[in-house]
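Listed below are the structures to be examined.
The same chain A turns up in both complexes below, where it pairs with chain B and then with chain C.
On to the complex of A and B.
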């Protein structure tokens, strides 16, 4: 467990020493969501209707933006090999790296979402559901994305390939995440969507670090 | 018991699988032709005109088998990929690689015929229904699998990375099946149900099953042909390939 916490602390520290990388993804999220009203027009009714989808797609793309960095720097300077050789299980260290990635790339999006939701004229309870859905969904995005990041480690055209591999797997999270907010706006209970999202998070939390570790070992061979 | 284990693992070597595949291919092509002729004859001349959908419904004799095969091939591909990952057998990875293009073709065919059917029946080429969307996701998964394998130069690493991706993607297959229950939209309910009696005429069902067998045999024949080409490509440095090509 101490190895897990040490990995989280190390990755957070490294990111804080170089803040611009983290902030890029956050600003990307803000700019992309702000572009849609400019492209579609300032009609409040229409914007309110498409807000959940836009915020979710933007969150998904912003997460994707940070994924190539998850393992590449450690792979280049040999840290990853040392991690694979270390006495603590690699899966635990990988889980630590994924948690750090979520804290850096996912959590800021969750915290920003209510503010951006105001741009789309969402009311307070809807904002709450949106934040909750993103809070359950963004760790899921980090977990699934880590598998893709490990598979494309050191591969030609890795960034685009990563998007091709990971985006189809993100679709269930998108459907239920945006669906929860849409259901709430329509006056229905969002509980079912949120439960499914939470269930997927639990399953991914169990399997994804394991699959990521297997993929990393293949890349390190 | 011991004998049979040795017997099966014999074909895990490319050298002994290559001639076996070569001997099997003509049989599967023959089966494809036999089932195809019987299936097409039933679907065009025997099956009655549908009361509501007219003659246009006959496209399901291609659409449904293609959808079934696209999902089934992904499972088979994941099975071979997982086997290759667990037992480290080379032919398993090659089988997975050989199946992917056929699976992608089936998924594309299923989407295309679905669009052709949807235009006269629903008045739209495409609707964002759960099953259509899952089929599209499945098509993307095939493309991702092929792109990942193509991007990695070392074939052994490509096989293993692809295997992990295929196993992760298998999560998508149950979503396809349960999507009908999860979202209930424009798409009609499942026509063939294991618990209920089929809601279609007996001859239509026969036509569809025969066409499914035809597609199945075609997929096997094509995958075996492709796996032979992959074996030759990857084993080109060996002595037996030089003799085999001559």
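On to the complex of A and C.
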């Protein structure tokens, strides 16, 4: 467990020394979600209708921005090799890296979402559901993305391949995440959508670190 | 304690080596020699378990590798710098130890860095250090991580005369304490004794 926390601390410390890399994803999210209200103009009904989809797609793409760097830096300087040979289980270290990725690229989006949602004329309770859905959904995006990042590690032009590989896998998260907010706006109960999202998170939390570890071992051969 | 038999490796169609075998007991070391491209690094990677062998068997304390016990006893330093450029040597050492599940206090880490001649560099980001100094930061792990088997791939590269001598001393101390080492190098090594394996 101490190795898990050490990995999280290490990746957070590294991000602190290179703030620009983390801020890129957050700024991307802010800019993209702000462009739509500016482009469409003051039409509250339309904005309210498209808000869940736009916020979710933007969160998806912002998460994707940080993914190629998840393992590539460690792969290039050989620290990934050292992790694979460490007496600590690699799966634990990988889980730590995924958690650090979510803290850096996912959690800021969750915290910003209520502010950005205001641009779409969402009321307080809808903003609450949106934040909750993103809180359950963004770790899922990090977990699934880590598998893709490990599979495309060391591949030339891996960034594009990563997007092609990971984006289709994000569709369930997008449907239920945006669906929860849409249901709430329509006056229905969002509980079903959120429960499914939470269930997917539990399953991914269990399998994704394991699958990522297997893919990393192949990439290191 | 380390028994290797019938090891074979190929890259694509080309067979690098076949039927390589050796064994090491406490206090012994092996010098792997060969031309460029003869498969020295591939052998090292097979040995530590980073890549699978085509054939053959590697046993550590009579158990097949890779096992958790083998990883606990092993330290492998390869061609890569394996240090984070944005962190200081001190942070690098302590975080590397923490990832291995070892609590390394600042005094022990400092002592290792001083032994490697990095006094006064411990708070600088590694990215401003020279290639040889980066190598020394990596080598400091030999002192902070208790391991029985040292697998060092071209560890003498980029080191100056004093550092080559120091590394020779470290290896000799390690062997005297019952450790084992597998080294690759093109130069004659400043370590007495040792078996030789030519690929």
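Keep this in mind: the second predicted complex is superposed on the first by the 221 of 221 C-alpha atoms of A that agree within 3 Å, B and C clash if a C-alpha of one lies under 4 Å from a C-alpha of the other, contacts with A are read in each partner's own complex, and residues count from 1 in each chain.
Methods note: contacts are C-beta pairs under 8 Å (C-beta built on N, C-alpha and C of every residue); 3 or more make two chains touch, one makes a residue touch a chain.
Since this is a predicted model, take the numbers as computed values, not measurements.
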Please indicate which partner A:138 is in contact with in the superposed arrangement: first for chain B, second for chain C, both, or neither.
neither
Which partner does A:221 contact after superposing on A: first (chain B), second (chain C), both, neither?
both
Just which bits of chain A does chain B share with chain C as contact spots?
221
Within the complex, chain C is touched by chain A residues 2-3, 6-7, 9-10, 13-14, 17-18, 77-79, 81-89, 93, 220-221
Touching residues (chain side chain B, partner chain A) in the complex
85, 133, 137, 140-141, 143-144, 147-148, 151-153, 157, 160-161, 164-165, 167-169, 171-172, 175
Residue positions on chain C within touch of chain A in the complex are 48-52, 68, 71-72, 74, 76, 78-87, 91, 95-96, 98-101, 103, 125
Spell out the part of chain A that touches chain B in their complex, as residue ranges.
147, 151-152, 155-158, 161, 164-165, 167-169, 171-172, 211, 214-215, 218-219, 221
